[in-house]
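Read through the structures below before going on.
Each of the next two complexes has chain A plus one more chain, namely chain B in the first and chain C in the second.
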Partner chain A sequence: MSVHRHSSPLAVTGKYLALALYVGFALFPLYWLAKIAVTPDKLIYTEGTALVPSSFTLENFRTVLVATDFLYYFRNSLVVSLTTAAITTCIAAAAGYAFSRFTFRGKRLVVAIMLITQMFPLLMIIAPIYKIVAAVGLLNSLTSLIIVYTAFNIPFATFLMQSFFDGIPKDLEEAGMMDGCTRFQALRKIVLPLTLPGLGATLGFIFTAAWSELLFALMLINSNDTMTFPVGLLTFVSKFSVDWGQMMAAGVLALVPSCLFFIFIQRYLVQGLTSGAVKG
Partner chain B sequence: MARIELQNIAKNYGPVEVMRDINLEIEDGEFIVLVGPSGCGKSTLLRMIAGLEPITDGEFRVDGRRMNEVQPRDRDMAMVFQSYALYPHMDVARNMGFSLEIRKAPSQERAGKVHDAAKTLGLTSLTARLPKALSGGQRQRVAMGRAIVRDPSAFLFDEPLSNLDAALRVEMRLEIARLHQRLETTMIYVTHDQVEALTLADRIVVLNAGKIQQVGTPLDLYERPANRFVAQFIGSPTMNILEVAPADKGVLLKDGTLIGISPGTGHASASDLGVRPEHLNIVPEAAAHFSGTAELVEHLGSDTNIHARVPDIGQVLVRQHGHFPLKTGDPVHIAMELDKVHLFAPDGQRLEPVVGSG
Partner chain C sequence: MTARNPSAPGASRARPSFYLRYMVEPYVYLSPALILIALVMLVPLVIGISYAFQSVNLLRPLDTGWAGLDNFRSLWSDRKFWLALTNTFWWTAGSITFQFFLGLGLALLLNTSFHGKRLVQALVFLPWAVPTFLSALTWAWLFNPTIGPLPHWLAALGILPEPFNIMGDPNLAMWGPITANVWFGIPFFAITLLAALQSIPGELYEAAEIDGASAWQMFTKITLPFLAPMIAITVMLRTIWIANFADLIFVMTGGGPANSTQILSTYIFTTAFRKLDFGYASAIAVALLGLLLVYAAVLLVLRRKLVKI
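What follows is the complex of A and B.
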């Protein structure tokens, strides 16, 4: 008997059609972003709905890179996002390990509090956060953003890391301890190498979240020097017009680090690193 | 080399008492098997010896030295886990040499010991592989190799063979027995498989519900089980237990037959009679203790198992050596070998049977 299942050609076509529709739907805004970025200014309104512009230009990219503060915003965002991702992941990894491996008094309480912080709409706490940040004199600084983003991302990142630690058999650490490791050595030499996919995923997630955050950045940053990228995008909206072409070109450039980051961590995201550890 | 003593060991999880009154002395070089049904606490006991589980009460000593608070890494014991617990990101050689790596042994010494162990276990050609590229049996060998390389004072095995298929299990069992003969190191082995226990152990510790039921050589447990639990746990197929009532010159089966065997005067009266399937025989009607019909006959080649239904007494399993020409529905007449019969008190404790006395 053949194990190959023959589906009807109609079903196969339907399946791929559905997939194509979904992918098209999901990627269309990105296409539109890129399309407007390469459309010459004078054609933006005259050919507003044409799928492919009649002529191309890279002028918008040149203007954005040379004539605007885009590179500043870009650098600010990079600093904020990378620092946030690094700090959050370190703290979340430590907390996630504790939640996964130890029982301690107040554990349930801490988990409950962390969950509660995720329940409120951010809008509700914008004003108090602003007051606090202003009081400690951190307005218009990247530090304020790093602190706020870190604080808000830690709960989710912790649960994410905990689930990765839960997936690593306890036997492995115990075998390590029987082999002569201290708990910390077992963590460093055995658990940590196996958690790399988890660390990669958490880093990527937090980086993206911080990279695209607008609300707090808008509230806490006013000066051009410390604007992050999403806030900077708004500077393309002037009193009398919106510079669509340049705005979209900047948007395309902003996608680059996210893409690079995910390409970089992708190899750590590949599952199956723990296979072979225990019976399987 | 280690002489291990457990004195009044108890284990609680919060308010739940899972183990108490564990007293055991293990001689240097002895092969001890902890056996019992799942949840009896055998693995917990092993983990307490390993140091992976804190001991709630009592004292645990190795060569006379109290070890309760000593960290696992300082106990000089190697453990083979049921799941093997190989480090997935290290190749076979590094897995086996990891304990030496942690202790910062010179790499030459490490390589030599790993090579020796790999040779013993037939792993020489696999040392560069990662665990995921190994079969179950090979992983099991690596786990054992990791323990051997350390040259520990005691080996702890936590159901090491339960993830292997039947043929491989027999092979690895032999290998462990050989290993013990060669190293003469103390070994503590946890299993729920009584065949492993009977074949490997110098002495077996039978556990149930967190308490030691009996400690003895395999033959002790088979011939003189301390209580009904041990009697039914050790031996395959399981011992038949027949309800009895005390009588003047022996005990009465439920169908009224008098069996000339009793606990002896001055002892509690017996409520159960135990007899192993291999100590029952199919006999001519005149010589039988009871009769019934064969409900199921299993021809195993070397043996024939006859599941018989006996009126008033219930299901009885008889094992006859060789091929026994009997089929379902045939009447069977069964006799017990009276010198091999066991008696148990209502609380399940063994009563020493005396044949023919009152």
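What follows is the complex of A and C.
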């Protein structure tokens, strides 16, 4: 509920000023990233701190796309993130459905286990995971990343999906089951179409999470062919730390998929995330 | 359900399998999730804890085996560990304080009505969607005097004597990652607190207004008490999350200069990743886990005493 109050003009000005400050703080770093990316190399040092560059170029983007391996990194990250998001969402939808529609023995224990996985330092298992992945010969493969990311994201995605299922009245599928559907048919034909927005939001969250993951990718991948975008960018930064324009152009490219998904999931944020977080 | 409607078709078929339906069926839906979590998280967790009591160093493959409490003994006398512990405290406290108050302010603003609300809301939440490694790099660049404006602005404001990179100064370096973390974390607090604000019944404010309450009275007597449970749970979860959060610091400073930004989680990662000393890394991780458990237990006890529900 919005609070309606008759406010003085001073308070209104203050409010808009505060909002402007928040928007400025949120956008400024991203603006700067894009600004350096389109600044021609020779201007970077002479007008490094000017708010607007005196001329624009897309040369940095061209170099990054054509002359470096970033397209491969981009593709690797896309494969990992999309596959992770798809598998996680399916598994989490099933688990969230079980949490939402059944009371069963051991439910509290299962919920507790899932909560614990969200609490302990994930870095704790980086060494064992490395050893296990090495033992099964999956180092430097995207498969290992997909499996690891899927498991990491299942608990959160499950709670999120549970909150979406909770929002769908039980009567609908009960009516369907009374008319002779099996539970699975009721799930597929009645519940699933209604959860599509929820599935979309979950896909988005998991995609963004997998797209951003750095430390496990750094540990498990060191061949250039299978580097994900974060690992590739970090390697590039430590090798060619003076190609500012190119680094930032690569950064802008890394931002694109997350932002697309963000625009897509933005409207579910306040309802979806919090109802999941509160119950979880 | 079928149990309540014995005459419904399918009921007679369902009854013999009652046990199956209500005990086994949920686990059919849960099994993929449980199997993956067990294999990828719980089993490695147990192995990880066991590493803390072993000597596991990939650079010294012959020198492996049970080592008892050796790792913890070296930890106790490791100056870097105690420094990292202190840094973890400042990193977590600094980040959470700014994130919380700025996030609360944003949530209160977004809970009023103004022009262009949808757009503003989308824009201020955007940092949350930026990949962590990119936030880290972007802020590292902003603090770099050759390419970024921040050192020049800070110098112009008289905060810095001259434009230099604060992340090269051991006394100031921690502010770099904290700033990035605050930028990245405000949206999370704003989102959760905004949802809690929206669940406060509007009639309460109307009644208070009729009774002549001031805005500040409404805030302290209605808003804060309603938000308190949400604040308690989010701050607790977020503290644990930030204490474990290594990405920003690892990318921005790598723990340097002179370990001045090394926190426990980055120390775990660098020990495992650079030195390949898995035993010692796991010992640090067990210590961190223990500290977090103590923290959570203390908070839960406090909450039970303070919040009477």
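In this text, the second predicted complex is superposed on the first by the 243 of 280 C-alpha atoms of A that agree within 3 Å, B and C clash if a C-alpha of one lies under 4 Å from a C-alpha of the other, contacts with A are read in each partner's own complex, and residues count from 1 in each chain.
What we mean here is this: a residue touches a chain if its C-beta (ideal position, glycine included) is under 8 Å from a C-beta of that chain, and two chains touch if they have at least 3 such contacts.
In this text the structure is predicted, and so the values were computed from the model without any measurement.
J.: Considering only the touch criterion stated at the top, classify A:Val136 as touching first (chain B), second (chain C), both, or neither.
T.: Touch partners of A:Val136: none, neither chain B nor chain C.
J.: Applying the document's definition of touch, where does A:Pro169 land relative to chain B and chain C: first, second, both, or neither?
T.: first
J.: If you stack the two complexes on chain A, which partner ends up touching A:Ile190: first (chain B), second (chain C), both, or neither?
T.: A:Ile190 contacts chain B only, not chain C.
J.: Let me test your reading of the model: by the given contact rule, A:Gly180 touches which partner, first (chain B), second (chain C), both or neither?
T.: both
J.: Just to be sure I read the superposition right, which of the two partners does A:Ala112 touch: chain B = first, chain C = second, or both, or neither?
T.: After superposing on A, A:Ala112 lies clear of both chain B and chain C.
J.: Report the partner of chain A that touches more of its residues: chain B or chain C.
T.: In the superposed model, C touches more residues of chain A.
J.: Do chain B and chain C land on any of the same chain A residues, and which?
T.: Overlap of chain B and chain C footprints on chain A: residues 174, 177-178, 180, 273-275, 277-278.
J.: Using the touch definition up top, name the residues of chain A that touch chain C in the complex.
T.: 1-5, 15-16, 18-19, 22-23, 25-27, 29-30, 32-33, 36, 44-45, 48-49, 51, 91-92, 94-95, 97-98, 102, 104-105, 107, 110, 113-114, 117, 119-132, 147-148, 150-152, 154-155, 158, 174, 177-178, 180, 183, 208, 211-212, 214-215, 218-219, 230, 233-234, 237, 244, 247-248, 251, 254-255, 258-259, 261-263, 266, 269-271, 273-275, 277-278
J.: In their complex, what parts of chain A are in touch with chain B?
T.: Residues of chain A touching chain B: 169, 171-172, 174-182, 185, 189-190, 193-194, 272-279.
J.: Would you mind writing out the residues of chain B in touch with chain A in their complex?
T.: Residue list for chain B touching chain A: 50-52, 71-73, 77-79, 81, 83-89, 98-99, 102-103, 130-134, 136, 139, 146, 150, 163.
J.: Which part of chain C faces chain A closely enough to touch in the complex?
T.: It is residues 1-2, 5, 8-10, 22-23, 25-27, 29-30, 32-34, 36-37, 39-45, 47-49, 51, 56, 105-106, 109, 111-114, 120-135, 137-139, 141-142, 146-149, 152, 183, 186-187, 191-192, 194-196, 198, 200-202, 205, 209, 215, 230, 234, 240, 244, 246-247, 250-251, 265, 268-269, 272-273, 278, 281-282, 285-286, 288-289, 292, 296 of chain C that touch chain A.
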